[in-house]
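Shared between the two complexes below is subunit A, which pairs with subunit B and subunit C, respectively.
What follows is the complex of A and B.
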């Protein structure tokens, strides 16, 4: 058996950041209010930028500094701003919004977190077993990213309001960004930027549809969207 | 040819922007859209002879080979036919100028994104183009501003975006696999990945293929990630439904084919073919059963689309050259047939003022052109000779039997027959059951077509189906042969 070696700075940082991001994902799952979910999403997105800077410094990839800045501008500033304005616009002002969204969980918080733990374990151990690693790919961070992907899917499923489902999708995108940074940090900047631009357009479309939904039903809840059965 | 490819990227984009921003564009938009559609189809036709003999690569991000040319042909034809059809549809739909402007702008941009996807040389750009098709089409699904449209659009954008999240993960693993052989600065180009596929690490490739199949499969409408599809198809304006069904699903399938190409070399063809077979049979089974008992004409056609996507997946899983030729032909024939069926359904909904099959009666009498054309489209979708789908499904089944996939070929034939029964039962009721006196007496239901604009493209579609079934042009046969060689250049 190989002796256990201490991870290098990059690998250690990647693993710690991935673990904290997964914890934040659980926070998103647990948090009842969309406003607080937006804050958690900001923190999670900021960590992505930090990881990009760590990788840029460790592996001498100057492109990643630009990516970190772009990603922070978009995910830490623009997306939360759009979501907050949307919430302010859809808040009737008497606390109903907070009430309505707090009641949007289809499972109790404890059950949702338990389901999240099961999903995270499946993602973590399945990806861990694949043993995908290279010089730039710490296997642990990748397994944590896979766990995050599944928990983000869980978040989109257990919430009944459109805003939380959208945040679930944005955090799914964060999980994929984490996997991309770990596995594909050398990907040309133009493609990374295109992915980010794409996210921006998706945010705009999500926002338009959320507003349309609110204008129609005076609510962010999807509980009434039961006419179509697939 | 660079000029042609650039024009294909610029013309529909310019048309979309013109419809969106030019003053007085509500009046000009129909002309701009129809012209842009016909021009793009002409441009695609101009690409065919060259793509049938060699691959075209330009500016390091643009590439057309025979496989992409097939999908460009399907999209180009639909963009033109449905663009012309839209002129009559929007005129008779009674919407205001603002709606018309938004519709035409979205329609052209949707066409642009679907034409751009097969032109992209890299898996990353392909993903971005497919994501753009989702974003634009979700807005087009929501454009009717009804409860149903809002619900369908939300379901669509959420499910399809989640699926494309998986596809993005597939792209990341494809990069990881490629960078092991091609170096850190590999830009996800498709051609070198296929060229060096034999040396790719197996686990990341396997993972990338499964994620791509599930991710892009969400947009193809493969079971069990198809649930957005019937809702979006039924709630979107009919021209958009025609594009969604005939072209968008195929473009997403094109993305899966690209992953199939390098996976089959890297892992051997057994694994990807088995995965495609499982998803294909499950989709076909679901669609064949759901075709019975549909009450909404557009949902009926949406399930038929799931059926045909299942057939495509099964055809690729057979792997025999003749089956692959059938798959390529099926992409073209299904695009023409399904667009025709949707265009007919659009005429029916305008005529009867409803999407409910139970209310549509005596269509063959009331609609002298659209009734028979819809019947022919349904026959074509049911693979009756001499339509192109008969030829393509025959080739697929023949290829399956010839390559030792007897059981799968038999299952395919049985399920296609079940689907035929479901499709024709509903259609027969609409077309042949005489309209009740109360219905036909209504002034709106006099005998006649709502608009010639809604008939002409359907006639063209039937002509294309006939040509594909009886005697495909030589250039097209060359193109299909080359595409088969590219897809079948795997053991």
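What follows is the complex of A and C.
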């Protein structure tokens, strides 16, 4: 059997960053504390800025430096800050960990990870079969992004609290940014920025959702919503 | 310094380096760990003194234990000392006996050694020794798939499953190092090594609480020279696993490419330095994480499995 050829250093680096982002996505799936989920989300967002810098340096796209800085300011600083303040406000504040622990998995962590592997495999091989090759696109990074999207969906499905679901949604946006960066890194900066600000809309919507949910049922769990009320 | 060594001597040196260096590496790790905790720590040579002391002590066996109980430590050490013949310890070129077995062959020998020790622990009738061996077997069963996927990755990367071939592939270009499949496989292997050598986050290496013990508990009923052999065996296993990680996966540099005496001596020094470097990382992990609860260890193994599977996935798409 012939060995699989090694990609170049640039492609390798881009793929490694994408792979680490996928691993962080699994970390989000596994992590029980909402606060640590926010931390993982910060790490994932920081990585996408690093990837933007790598692509900018290798493909001579100076626009991407600006995008990297903007994306870092928004996703590494602003969004986690908003999430933390929101969590602090919805916390009952009696030192009880009940609120900090998402603890809302419908599946056990091990089954969730196994389900995540299956989802990732589906994303992987579907996108691998498409054989998309962009100008800056390591095909693998695109497939990793697809796997991340599916795992993020899985995360939103298996969690039963609004905060974790919000973080799942934000990380889904990270996955889409990754795909966009890989497939269409030559896009005008204004468009990329516009996409980035879509995230802000999502943040506002989720902030409202979390507050409304907390006001209504004094908890972030969506378990109460399944009951019908006349 | 330019005298060429005959091949059999180099082959013997591979075994001797591992055999004599292993307690030293353990000593370095203990020392680094102690310094990180602000203690002075034992001497680096302490494991050698321990072994020497145990070899002079009287040996006792529990009533009803058969010859197997006494033979097991020696079988285990023999198995451990055979593995350095199969992996690149000192040379970049395969030595004649190096092709007796591939990575799976080395894996079989490691399992054989841990199997005989576990069986010997069962013979004693001591509850803690049995508990330890039962746990050790359970966890090695769940790390088996991880090891298999790491081997698959190696096979896909090189087209063979010879450790020498992977080391040569990694040396060949920077692109081979930074490819995700290689890094993921190396990470998964490192996690397996933490589990197999009984380090935090799986097991407290120096703990005395029987309920948390896995590997350590197996040797409870052995004493004297037999205990010394088991201790030495686990030190050998640790150095062998570190050698596989460093010389095959992470840093296959500094190996001798000729038979010159100088190159071989340099390779011995490089190997011990690399093993100590891996040991320092392990000591830092030891000091910065808490031990996982026993039932959480499966999740640790699941994490390693995930990483190894992703490694194979990335290869199947090409470009991984």
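Note that in this section the second predicted complex is superposed on the first by the 210 of 230 C-alpha atoms of A that agree within 3 Å, B and C clash if a C-alpha of one lies under 4 Å from a C-alpha of the other, contacts with A are read in each partner's own complex, and residues count from 1 in each chain.
The criterion applied here is as follows: contacts are C-beta pairs under 8 Å (C-beta built on N, C-alpha and C of every residue); 3 or more make two chains touch, one makes a residue touch a chain.
This one's a predicted model, so the numbers in the text were calculated from it and none came from an experiment.
The superposed arrangement places subunit B and subunit C next to each other on subunit A without a clash. Shared-chain residue A:48: touches no atom of subunit B or subunit C. Contact with neither subunit B nor subunit C is seen for A:220 once the two complexes are overlaid on the shared chain. Of the two partner chains, subunit B is the only one that A:153 touches; subunit C does not reach it. Contacts of A:110 after superposition: subunit C is touched, whereas subunit B is not reached. After overlaying the two complexes on the shared chain, residue contacts for A:194 are found with subunit B alone; subunit C is out of touch.
Contacts of A:68 after superposition: neither subunit B nor subunit C is touched. Closest C-alpha contact of subunit B with subunit C, superposed model: 16 Å.
Overlap of the subunit B and subunit C interfaces on subunit A: none, as no residue is touched by both. Residues 1-9, 11-13, 15-16, 18-19, 22-23, 26, 30, 109-110, 113-114, 116-117, 120-121, 124-125, 128, 138-140, 143-144 of subunit A are the ones touching subunit C in the complex.
Considering their complex, residues 130-132, 134, 137, 149, 153, 156, 162, 165-166, 169, 172-173, 176, 179-180, 183-184, 186-188, 191, 194-195, 198, 201-202, 205-206, 208-209, 212-213, 216, 222, 225, 227-230 of subunit A touch subunit B. Contacts from subunit B toward subunit A in the complex involve residues 122, 124-125, 128, 131-132, 135, 138-139, 142, 145, 147-148, 150-155, 157-158, 161-162, 165, 168-169, 172-173, 175-176, 179-180, 184-188, 203-204, 207, 226-228, 230-231, 234-235.
Residues of subunit C that touch subunit A in their complex: 155-159, 169, 173-181, 183-184, 298-299, 302-303, 306-307, 309-310, 313-320.
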